[in-house]
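Two complexes follow with chain A in common, the first pairing it with chain B and the second with chain C.
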Partner chain A sequence: MNLKFKNKKISGILSILPEKEIRFEDELDSYNFSRSQSMKLKLIMGYDKRRVVLEGTTPSDLCVFGLNYLFDNGHLAKDDIDALVMINQVPDHFMPATTQVIQGKLGLKHDLYCVDIPQACAGYPMGLNQAFMLLEQEEINKVVVLNAELLSLKVSPSDRGSRPLTGDAAAITIVENDPEGGPIYGTVNFDGSRADTLIIPAGGAKIPSNEKTAEMTTDRNGNSRALNHMVMKGDAVFNFVLNEVPEMIETLLTYAGSTKEEVDYFMCHQPNRFVLKKLADKLKVPYEKMPYNIVELFGNSCSPTLAVNLTHNLSEKLVNDSLLVCLAGFGAGLSWTSLLMKMGNLDFCETINYN
Partner chain B sequence: MKEKIIEFLTEIRPEFDFAESNNFIEEGMLDSFDIVTLVTLLDEEYKVSIDGVDILPENFSNIDAICQLLIKNGVQS
Partner chain C sequence: MENFETSISEILEVDSVELTDELESFDAWDSLTILSIIALCDDEYGVTLSADEINDAETINGLKELIKSKI
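Moving on, here comes the complex of A and B:
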């Protein structure tokens, strides 16, 4: 489905990274790799450093920390927030919604629109879409989009396919009306028939968590995990990304009447270095226009990782210049989403550490 | 080309004799990480980028399949 919005803008982006950093070399004993294979995969996949939360930290903790940083630095006023949109798969609790936990912790006003959307790696454009739609309401002038994910809590310590890449993070994106804002084009795509490609089998109504769902089993590739852990069918995910994402971006550009050459940056979700380089090759986009360094520096944090990509790689440009940017997210669902929009002259575009 | 492929495969998984097998996947000689590593080595050796949509287990089941994959992606046989 194609989407089009007018008179909207992003006015600031903040990424919040947990301060605990884990290095791939320090975890080698957990994985069933030889040392030489590990070193090859480090280069190919981008296994290196990742940020994870300490036990007990929640998505709302990261968001509240970031929002207080914005309040304290004059980037945002509490009473100006008309809506909170949260994209998240591992919430503070099943009940109540994490946006309302945040509302309560910060003492935000009661006439606040709160909505939590359980989307994963395609979630950054999804959150922005929701914000753009909410801004059509007369009483909503400023939407705070929160992306917060602690997927490290759901990945087996012995899953060599997922664990070395998985990080935690949160991001806050401020979205507002802008009478001079140009058109924003988007696409959203979903395929629930492939829901088991990326799944946490147990913990919900289908398979409630119990002692049995915590039992570890080892697959033919030497990965050990329980039903409580995330399972990723690596081959299927890889082929999904390389089949669907280039087509989605071509569709988006056609819909917008733009060309790849006109786009300053293709800012994608960051699954791993290998997939992103193949994606750039397939699209015939130079690597400089499609950064792929976030996994190796911070880990793949699911939906926040696209914001981390923006704040880490384009911070200065997005504050001082105006860029035509293509955003692309893709992951569990399966879901794949994109936006093409002018971004720039932001009030802030920063990465901070949670502590 | 075949010798180079066997050389790379042996570098990745020295415990197996790739010249003697006709189905590396079914016999558990290559997993998805090995395929990714092999693709990277082949890309660098032949100065191509093997199309991501072709990175399927069946295209890495034996030496002939890998040769065909390289030819499809622009490598001269």
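Moving on, here comes the complex of A and C:
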């Protein structure tokens, strides 16, 4: 589905990364593979460093930390927030919504629109879409989009396919009306028939957590995990990304009447180095225009990763210049989403550590 | 498909392969190798393969026939 918005802008982006860093080489013994196999994987996939929270930390903790940073530095005033949008798959609690946990912790006004959207790696454009729609309301002038995922808590320590690339992060994106804002084009696609491609089987109503769902079993590739853990069909995800994402971006550009050459940067969700390089090759986009360095530096944190990609790689340019940027997310659902928009002259575009 | 054996040898980190070689007999055979084969087939032949299909192909010849059947 194609989407179009006008007179909207992003005015600031903040990424929040836990201070604790884990190196792939330090945890090779957790996996059932030879050292040489793992080192090859490091080279090709970009497994290296990743950031994770200490146990007991919640998505709302990272968001509150980041929002307080914005309040303290004069980037945001509490009373100016008219809506909180949260993109998150593993919340603080099943009940109530995490946006309201945050509202309560910060003492935000009651006259606030709170909405939580359970989306994973395709979630960053989804949060922006929701903000653009909310800004059509007369009483909503400033939307705070939150992306927060602590997926390290849901990935098995003995799953070499997922564990070494999983990181934790949160991001805060401020979205406002802009009378001068040009058109913003978007696409969203969903395919629930492939829901089991990326799934946490237990913990919900279908399979409540119990002693059995915590039992570890080993698959044919030598990875061990329990039903409480996230399971990813790596080959199906790879084929999904290479088949659907180039087509989505071509559709978006056609809809917007733009060309690849006009786009300054293709900022994608960051699953791993291998798939991103293949994606750039297939789209015939130079690697300089499609960064793929986030997994090796910080890990893949689901929807916040796209914000980390922006704040880590384009911070200076997004504060000082104006760029035509294509955003693309893709992941569990399956969902794949994109936006083409002018971004720039941001009030802030930073990465901070959570401690 | 004339470069197939050469490309597969590179992925399997050997000088050459025989059509009768069993896939699981190679030292380099693991999930990453399978992903590399999926990427090769997408790149070179415009063919989409799954990990299960590749495992079920059993031999180099089986893999070659699998790709041919999808071109």
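Couple of notes before you dig in:
Everything that follows uses one rule, which is that the second predicted complex is superposed on the first by the 355 of 355 C-alpha atoms of A that agree within 3 Å, B and C clash if a C-alpha of one lies under 4 Å from a C-alpha of the other, contacts with A are read in each partner's own complex, and residues count from 1 in each chain.
Criterion: contacts are C-beta pairs under 8 Å (C-beta built on N, C-alpha and C of every residue); 3 or more make two chains touch, one makes a residue touch a chain.
Just so it is clear, the model here is predicted, and its values are computed rather than measured.
Superposition of the two structures on chain A leads chain B and chain C into a clash. After overlaying the two complexes on the shared chain, residue contacts for A:K40 are found with chain B and with chain C alike.
Of the two partner chains placed around the shared chain by superposition, neither chain B nor chain C is touched by A:K4. Using the contact criterion defined above for the overlaid structures, shared-chain residue A:H93 touches neither chain B nor chain C, since it reaches no partner. When the shared chain is aligned, chain C comes close enough to touch A:A236, but chain B does not.
Legend: residue contacts after superposition of the two complexes on their common chain; A:F274 is shown touching both chain B and chain C. Comparing the two interfaces of chain A, the one with chain B and the one with chain C have residues 33, 37, 40-41, 44-45, 161, 220-221, 234-235, 238-239, 242-243, 274, 278, 281-282 in common. Residues of chain C that touch chain A in their complex: 30-32, 34-36, 38-39, 42-43, 48-52, 55.
Residue ranges of chain A in contact with chain C, taken from their complex: 33, 37, 40-41, 44-45, 161, 220-221, 233-236, 238-239, 242-243, 274, 278, 281-282. The residues of chain A lying in touch with chain B in their complex are 33, 37, 40-41, 44-45, 160-161, 220-221, 234-235, 238-239, 241-243, 274-275, 277-279, 281-282.
Listing the residues of chain B that touch chain A in their complex gives 12, 28, 31-33, 36-37, 40, 49, 51-53, 55-57.
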